[in-house]
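Right, I'll just put the structure down here and ask away after.
Chain naming follows the written order as A, B, C and D, and within any one chain the residues start at number 1.
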Amino acid sequence: MKIGVLTSGGDAPGMNAALRVIAVLGTAQGHEVLGIRRGYEGLLAGDVVTLTPGMVEGIARAGGTMLGSARSKIFPTPEGQAQAKAKIRELGLEGLVVIGGNGSLTGAHLLGQDKPCRIVGIPASIDNDVGYSMMSIGVDTAVNTIVEACDRISDTARAHRRAFVVEVMGRHCGFLAMRAGIAAEADAILYGEDGDKTLDELTERLTGVLRRCFGGNSEKKRCLIVKAEGVEVPTKDIVARLQSFLDAELPGVDCRETVLGHVVRGGNPSALDRLIAQRLGYAAGAALLRGAHDVMVGWDVPATVGQDTGDRRVRMVPIGEALEETKCLLDGTSPVARARITLLEKVEQLLSM
Amino acid sequence: MKIGVLTSGGDAPGMNAALRVIAVLGTAQGHEVLGIRRGYEGLLAGDVVTLTPGMVEGIARAGGTMLGSARSKIFPTPEGQAQAKAKIRELGLEGLVVIGGNGSLTGAHLLGQDKPCRIVGIPASIDNDVGYSMMSIGVDTAVNTIVEACDRISDTARAHRRAFVVEVMGRHCGFLAMRAGIAAEADAILYGEDGDKTLDELTERLTGVLRRCFGGNSEKKRCLIVKAEGVEVPTKDIVARLQSFLDAELPGVDCRETVLGHVVRGGNPSALDRLIAQRLGYAAGAALLRGAHDVMVGWDVPATVGQDTGDRRVRMVPIGEALEETKCLLDGTSPVARARITLLEKVEQLLSM
Amino acid sequence: MKIGVLTSGGDAPGMNAALRVIAVLGTAQGHEVLGIRRGYEGLLAGDVVTLTPGMVEGIARAGGTMLGSARSKIFPTPEGQAQAKAKIRELGLEGLVVIGGNGSLTGAHLLGQDKPCRIVGIPASIDNDVGYSMMSIGVDTAVNTIVEACDRISDTARAHRRAFVVEVMGRHCGFLAMRAGIAAEADAILYGEDGDKTLDELTERLTGVLRRCFGGNSEKKRCLIVKAEGVEVPTKDIVARLQSFLDAELPGVDCRETVLGHVVRGGNPSALDRLIAQRLGYAAGAALLRGAHDVMVGWDVPATVGQDTGDRRVRMVPIGEALEETKCLLDGTSPVARARITLLEKVEQLLSM
Amino acid sequence: MKIGVLTSGGDAPGMNAALRVIAVLGTAQGHEVLGIRRGYEGLLAGDVVTLTPGMVEGIARAGGTMLGSARSKIFPTPEGQAQAKAKIRELGLEGLVVIGGNGSLTGAHLLGQDKPCRIVGIPASIDNDVGYSMMSIGVDTAVNTIVEACDRISDTARAHRRAFVVEVMGRHCGFLAMRAGIAAEADAILYGEDGDKTLDELTERLTGVLRRCFGGNSEKKRCLIVKAEGVEVPTKDIVARLQSFLDAELPGVDCRETVLGHVVRGGNPSALDRLIAQRLGYAAGAALLRGAHDVMVGWDVPATVGQDTGDRRVRMVPIGEALEETKCLLDGTSPVARARITLLEKVEQLLSM
């Protein structure tokens, strides 16, 4: 049997670890595993390479994706879909594993409608915004990278007794900001799920934080504010307002901005990301070989959802259900989302002390 | 109210993060938090310091424990217990948080029998051998440290096409070896839970692994064997046997030994350890203030065990129950243990491909 | 004898290592070492703490500065100078070690004119812009931090076959950009010493680089351009121009911007920075105790300049001479500057291949 | 012109960066660059691959060596030499770059006697034991790795107030121990160049160190002893003696051993190693193309030795002279060696405070 595998959308550390397991598992069971380059773009172009165990040896530790990734504009169109199905036939693919985030999984679900071949998805997205997977591939590494950067920034912030607003990725989901903020001893965490706050509202909250950090007889030496990209007020506007406040009320204290950007996306995957990626990769490969179609394997999925995979922490969920849950997750209505928001509130409590 | 907090037994990265949250939480709610130095030794000696928010600022990122730790021989004796209780009265402690592994929790449970004050435990042990806490503080960092060391060793192993046996901590529990082994793309993982294997049995298994890695037309460039300390056959005996085999059958390939030792115990805690430590610390402090006694807070405890804490992933379990579960965990009879062993078997499957 | 020590200006990883050695050396020889907080600001305020060996134990590995730093506006004024001298008398200081960059050393030189006490400087500046010290404290760490960030960015750049312009600190000196650029396999390095290039000139050069990276049958998967802060054309203008070029000539390739900012300033110092800091600290302390005044200790100073210190790689240079050399270094007229520019040209050669 | 390049002996981080530059430089100037696998073994076997720019893209950051390395027993024999020369003719090599330590350079010098082709050497050895190169490729990374490991060990040592003896690589040269020891705030550094000390002599010295660290009212929380492999007394014997002393005189303090081993050899090269490797690689390639033969390029060679290369910090030295200097370096008679020993003594001074 010929199996294709591709990585699509924003790259995430750990994608290579998942690729490795799929290639090893498939080959060991006598199948041919084709790596499709540059996501759906490469599928449309038939840009493939046979993955041998030697080719994937040692790649679990490498960031990025050895197959390359892309966002395809043509793929979701009727023409793109037809072309993709034709290529699947031409290449003789009987199964396809898609590793990527919500966009990539949406593409997989769409492509799977007529079942041109079996399709299984693996959630990989540093934003951790995929429904029914408590952790996506890449999240743990991204959080560690942010925390390390916050440690560095804290060194210089403490040397000068300064405030810093650090903006991190996460357009629709504040998970990275929340998790990294707690770990890095942030004094405040801003995330979009908190509601669309205005500059005035944010300023009011944050000047309180600054007073607590630098006013009176506080022993604190720095103020760290972690902000998710999804908060609509621009970081530099917030910093300008806070600086005005500081100049007036706490002269001598500076407020600076750092935007972490793409630094957060790369780097050798953490041990946990390599573990999750390999266990999800194994489950996906095994599910595909057993005949699964239009499903995603998720990490720590609620026991009431989807099906057992033999790995206690991995369950198999119809992609459509996962995408529905993604919506609820992002608009805050699912139980998982509510649990996250409970955590947020707990964080707030901790920080407001 | 006066609350004491101590760290005891082997230190684990993240202990400081837990200390920080307890100090911040207690102080914020108007209590005095006393840091007790050098574990139970310091309790017996009344060696304490008041923890202020300024003193714990920024310590979440530091390895080790700012309070020091120790293993006390006197503490578990009747004299030790009497002396500890006298000190608790003398210091005016109404609550005590104990951060440590199974030995420390056993001590906490023993001390708590007459309830000299409320006592709450927090599991911290890089070995991940505490019952009813899927992760203890320090585990994730230790796994990352091992994986990074294996990455380094793999560099030199690949340069020379060599085999390496890497021994890691874990006298009673192979979790570190298993988790790090999977993440590091190990070719074999040896752990005590697999049964007491003889040198002959291990050699037979591992020569098969070596043949697979270096024989025929294998494209593999290194063989990595991760071994838990708990496997009784000495590492150097295994290496000697494998070298003899290689000299006879695969001449030119060397087998080397590395014992990671205490390097694995230190280092800045990973983001996940800082997160777990702070959430467990928060839950422990809050539980103590609400009147809890002789309980431990655990991470990802089965929903059927203990009590809710308000944090979805943290439950409160009687220390005695947790210690019973520890026994089942280490002898392989608890459901959690069986789940781990299932994972082990899955790993074996993956590696044997 | 009472010795004061302060860190001033922008903090640099390794400052703590220098502080440690001065405290240990002074104390061991029977002197009292006063740590002055927040640079010259703290000197004016008499904000000091006696540094004991126990206080400085283990700080060599910590980024930032345990004494805090600041930029003082009053200090360089006649009033500031008078006040500083009064404080020196009041504190009974017979010697002062100033750890900082060109601004801090200028302050030390000014203060030293009437010799209120002996003054010795130590160059610490991540920009490596201090005359007669081939390396300042903090440079090696900053370069490593940038290179690591470029590695991360390269992961995601290669996954998408993208171009990145990475801006790094260095307002007057392109050393960081040059050194990190070479180490990180940059395809182009932009630095102010190259002359004030216009946006058009930069665009012309860089489109050539892009063509070489992504055009024809190039096997390259990413283009990395490292830009020093000192290049006056804003990074986002360059990126906009390059994107227009790519859209027209190499469609599908994106160009992105990352500004590393304060992340580069912090972090645990590298081994080399800890070594340089401790050797410079030792030489400064010893020189001060032997009666030196108005001198700076430099690393790898030309043999024709200053005086031997007993450490083969450390020489003692009058601060005034070092500051003169700084000017020549920054305007490109000193032999050291010319040597650096030769290196730049060599880099260009390498990159243009 | 056809140029061969090989890496030989113990691998060192940075070898790949040197390979990259040689491949890029050679190819850019119209030559064919052949990578020879597994050092001289691969030369004897004619095991080569043409290095294209695409193949070496991004490898500067990878530890180990992409070509593999080996120690050949046959190569130095008359048969081996004849066979190597025959292969050079057969492959049509007009130039050969050898990257390795003293053994590899000795091999290059031997092979070069009849000039089968031009031969240029590049010093790569984590031990830093090559004459006339103040730094070899791999040293800076190895020092950083050791220092990081000592940081980790210090965390756990401080938690328990313990002594640690950390053994590091360096059979003939204590440079790694010395440099890493200073950077890591070691309390004592043991190196073979100090003369063959007996167990009694070492014990006497080290018990003094332990008394200073843990006795009286010392505020120190750990004692760190860094020992070079080249010190003949086994580490475990030293630890046993120190433990006896502690049990008798400072009860409660433990002494432990850690042998870092091969962990020190791997890992992504530091920025400095990537820089040195690329500048040495460039100089070597350029020298070869200009006709140089039987020379080595060295880093920070004394100005009185060898020839200028156009790079201020790189000089070209006849391999024979470098190997003579290696002897003087290792027996402590060369000026460079004396300078290192002066540093050692300075270290001792620092540590004995």
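Going forward, a contact is a pair of C-beta atoms (placed from the backbone, for glycine too) under 8 Å apart; a residue touches a chain by one contact, two chains touch by 3 or more.
Just so we're clear, the structure is a prediction, and the values are computed from it rather than from any experiment.
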item	value
Longest centre-to-centre distance from subunit D, chain (CA-based)	A
Subunit B-subunit D separation of Cα centroids, rounded to whole Å	35
For subunit A paired with subunit D, centre-to-centre distance based on mean C-alpha positions, whole Å	40
Subunit A-subunit B separation of Cα centroids, rounded to whole Å	28
For subunit D, residues contacting two or more additional chains	151, 154, 158, 221
Pairs of chains found to touch, sorted by chain label	A-B, A-C, B-D, C-D
Contact set on subunit A toward subunit B in their complex	20-21, 24-25, 27-28, 52-55, 57-58, 60-61, 140, 143-144, 146-147, 151, 154, 158, 179-180, 182-185, 218-221, 268, 270-272, 274-275, 278-279, 282, 310-312, 339, 342-343, 346, 350, 353
Complex contacts: residues of subunit D adjacent to subunit B	7, 10-11, 13, 62-65, 68-70, 145, 149, 151-161, 164, 221, 256-267
